[in-house]
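Listed after this line are the structures, all set down as structure tokens.
First chain A sits with chain B, and in the next complex the same chain sits with chain C.
Up next, the complex of A and B:
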């Protein structure tokens, strides 16, 4: 039985929560529900009409190009996650264990700076570096190599994804590893574990939660990104975000685009849920 | 006489401009229980960490079995350490924690398991073998940490204040466990602590450190009865310290004039000069009390300030007319004969042989 003081407190808390609850409903839950409803609408004469037909779902999910695009997006986002995690790890390791506290503070500050500028602007600046007569090919030309095509390739897409995700992944990994109890690493060394082996035996198990969350973030950002595959990857093989754009453009097929979007959201839900479950999995007290 | 297992050869450790320890020059004998004791910041943990290879000496050398250890990485040493924080791996079960060191050494799975279970049984925690570390109590974790180090069957076990996080009654139990283990296994224990009771209860020899240097090495009794200098005398709790001027010298005694009176002390091997300063100590438990003025040449009249009970032992805190503090330690049943009240005037006295002259330091 809550006392009147409790009820007053609850009312107070609720008042402050109301705006965010309101906001979430209007701008998140509402649109998602509308999108789900829209996936059952029909398009007649380039006009969307309300209906409840499964034709969009059956058409979309039976098309080869949808599944090609789906698996390609899963694959390239997976490769992006793997690359970001591997490239970030040595940097985060050095910042967490080798750098002084002051250096670490500055490094994290510097890693936040890229977010000051628009991701689109940062993506365009890669043109200067990656194009046929860009900085890299110019330098390779000096030693008699190239030119290599880097724009409009998977490589270009990945460079874009790294631009988006790497600073965040480094920050998340650094913060996770900096919080490890150094005594545990020394204890492992004391018990005959070489410095390199402690990475697998101690550091990764201890920072598992943070590392998985960093990977989830990286996958979500890459999976839903439109800019990198469109501008740097040249949308040779369209990823799902590009497919959504194309679908809406061709014949005003908003309902079919909604199908793609719902498939994407479902995939991300599944990945995030599995990842979090894995991250917080605890061993049983007894086997 | 057992041979030295470890030799510290004029070892010094600097952290930047800070000298953590210097002139460490001592031996650790095979099979002994050595305690390194001192106030926090005295360098005792640094000394232990150098032995484990977690710090490298800036000057000098540490030798283990006559082998110079300065260039040997920590994981190539056989010097397991029991940590103050225990440092058990939270992502492993109790048994997996104990197996860790064996796994690193490439011992195969079946043997690993067998040896781990043997040690868990020996430490009386076999039933918790497959439990998560976080589900164990402080005392159980302590035993897992000991098993994890001892399963390596080392020649020497290092312990860094391992009992400091335990409840008082568990500390006494674990002290017994540790001394029994050390006797049974016959291996060398190096035990770092700030607790005099732990060090004196368990160790064969004690090293007292202060400000990065060794102040005294000796048996607990030597250190208690014959502190080498004022630092040790003050650190080893229940001592009365008096300072004054040497008034006269005879063959083996000296008469020292202090603000609290004139006292006769045995000179032992300490060189004293007439007219120079000298300090001496009398252990609190060697001081007698009486209501009337006693016989003898070493006595002081004091006022009782307060009493402190620990078990059946009582410590009296007294002050003489000059405000100098005296401490007397005695059995409670002896004290009850006197019926003392706070502020009571009583006489203290002690035998000349009970006094111990300090080296100047």
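Up next, the complex of A and C:
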């Protein structure tokens, strides 16, 4: 809360206000706008020339492989979100309602740790664990099962996505549910509501906003990650981030990569806005 | 009651399984870094420090470590400065376009890194700043400033707004108040923000990889090794990076906690 409705602009005020405006305009707004402009540039003899043509757009959007990749990415990120939300829910429920305040704080602290460990190294670790003669198949071998192929499949990709998103989703769900007024849950139980119905009709509606925000973050992270589908999914069906990577790194087709990037941002904005609109929508009828 | 206890046990096991999944790759990578097999499986091979010896003897790794150090320290300083300025402006002033102003600093982390990487690469090439160590520093400061801002803003929330006015009434100028009241009050949060942004920058690979050119940081080296082959050196570097990041995070947490203790006391 601002301490006073201080509106006067002097050197002091500007000193604190201007740095971020200056910095972000040059190094954040600049790059993003330039990327949009770049999607209209031309590439001739492996050199990018500034122009205003729709060639890249029409070329990319008329290609079957782009749309295959697009829908596959939407699909796999959606599945990832669904998995993360479902896997996280019981754990977050336990931490929010069954654990002491202290345990919960420790659990959240532990779940923050993965954000500061190299995601690449974790993915590499999964690569070794999941491979045909890796740790899991080695263990299964003792009880006479396997070997199972887990790498280069959707399962592999999803394991990678879960590594990336699960800690965040558990944290967000736990915090949301821990903030619910416990009296409301007590009341529901006292009025004879079954445990399942309490979850479904009291807890989930009350934590709707937080749950949707967790889902949005999960989708954004999965949608934009190139590591899991590349190393664990084998990129047989390239996702959009891999498409960007290939177009930028191997060819000099930056403008086409920009088209893909803009399509991705558009999709994410659409999904985020829909989600937020849903999250803050006033309930009709109920109550 | 009995039923509830069973449920607690089941949920407890479930939570443990989720944590096991989250920590399995971290722990296995540490184990593998001391394991003699090039392709680790069960049963494990012998204990070895071969991979550590290898990375220590590799000048590329040393250079990358130095680059990483420079990048994360510089990023921390710039991002924390920007974060502080913005947090204070948000705390103290009401002004038009405050929404877009805050969006300017808070938006970057919501955009996938690969897109930021492409945009930064293209822009830096355009303005002739690509392929340098400072390109990474600039890119990282854009990405991490929001974290610094959040940490410092939370601290300012705990400050009594009258404290500033009191200092003015006692004859302090705005600048003196900043220097003797606000900055000391925010000090723990500033340190917290420094360590936090350094840790995030230390691990970032996508943007670094795109804009770095020949100046590789440790995560970029990891990325390149992983692309080539199965090489347990990755685990050794990873464990090393993990220890550094964890030290930074724990330091950030210590300052965060000390600040909470103080606020309880006062």
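For the reader, a short list of remarks on this structure follows.
The rule is short, and it goes like this: the second predicted complex is superposed on the first by the 264 of 287 C-alpha atoms of A that agree within 3 Å, B and C clash if a C-alpha of one lies under 4 Å from a C-alpha of the other, contacts with A are read in each partner's own complex, and residues count from 1 in each chain.
Note that a contact is a pair of C-beta atoms (placed from the backbone, for glycine too) under 8 Å apart; a residue touches a chain by one contact, two chains touch by 3 or more.
Not measured: the values here are computed from a predicted model.
Touch counts on chain A: comparing chain C and chain B, the chain ahead is C. When both complexes are overlaid on chain A, the residue A:143 reaches neither chain B nor chain C.
In the superposed model, A:119 makes contact with chain C only, not with chain B.
In the superposition on chain A, A:184 contacts chain B only, with no contact to chain C. When the two complexes are overlaid on their common chain A, residue A:202 makes contact with chain B while staying clear of chain C. Of all residues in chain A, those touching chain B in their complex are 181, 183-184, 186-195, 197, 201-202, 205-206, 208, 282-283, 285-287.
Touching chain A in their complex are the following residues of chain B: 52-54, 73-76, 79-81, 83, 85, 87-91, 93, 100-101, 104-105, 130-132, 135, 148-149, 152. Against chain A, the residues of chain C that register as touching in their complex are 8, 11-12, 14-15, 18-19, 21-26, 28-29, 32, 39-43, 81-82, 85-86, 88-95, 101, 104-105, 107-108, 110-116, 118-124, 126, 138-139, 141-142, 145, 157, 161-162, 164-165, 174-175, 199-200, 203, 205-206, 210, 219, 222-223, 226, 230, 234-235, 237-238, 241-242, 245-246, 248-249, 253.
Interface of chain A with chain C (complex): residues 1-7, 12-13, 15-17, 19-21, 23-25, 27-32, 34-35, 38, 87-88, 90-91, 93-95, 98, 107, 109-114, 116-129, 131, 133-135, 137-139, 142, 162-163, 166-167, 170, 220-221, 223-226, 231, 241, 244-245, 248, 254, 257-258, 261, 264-265, 268, 272.
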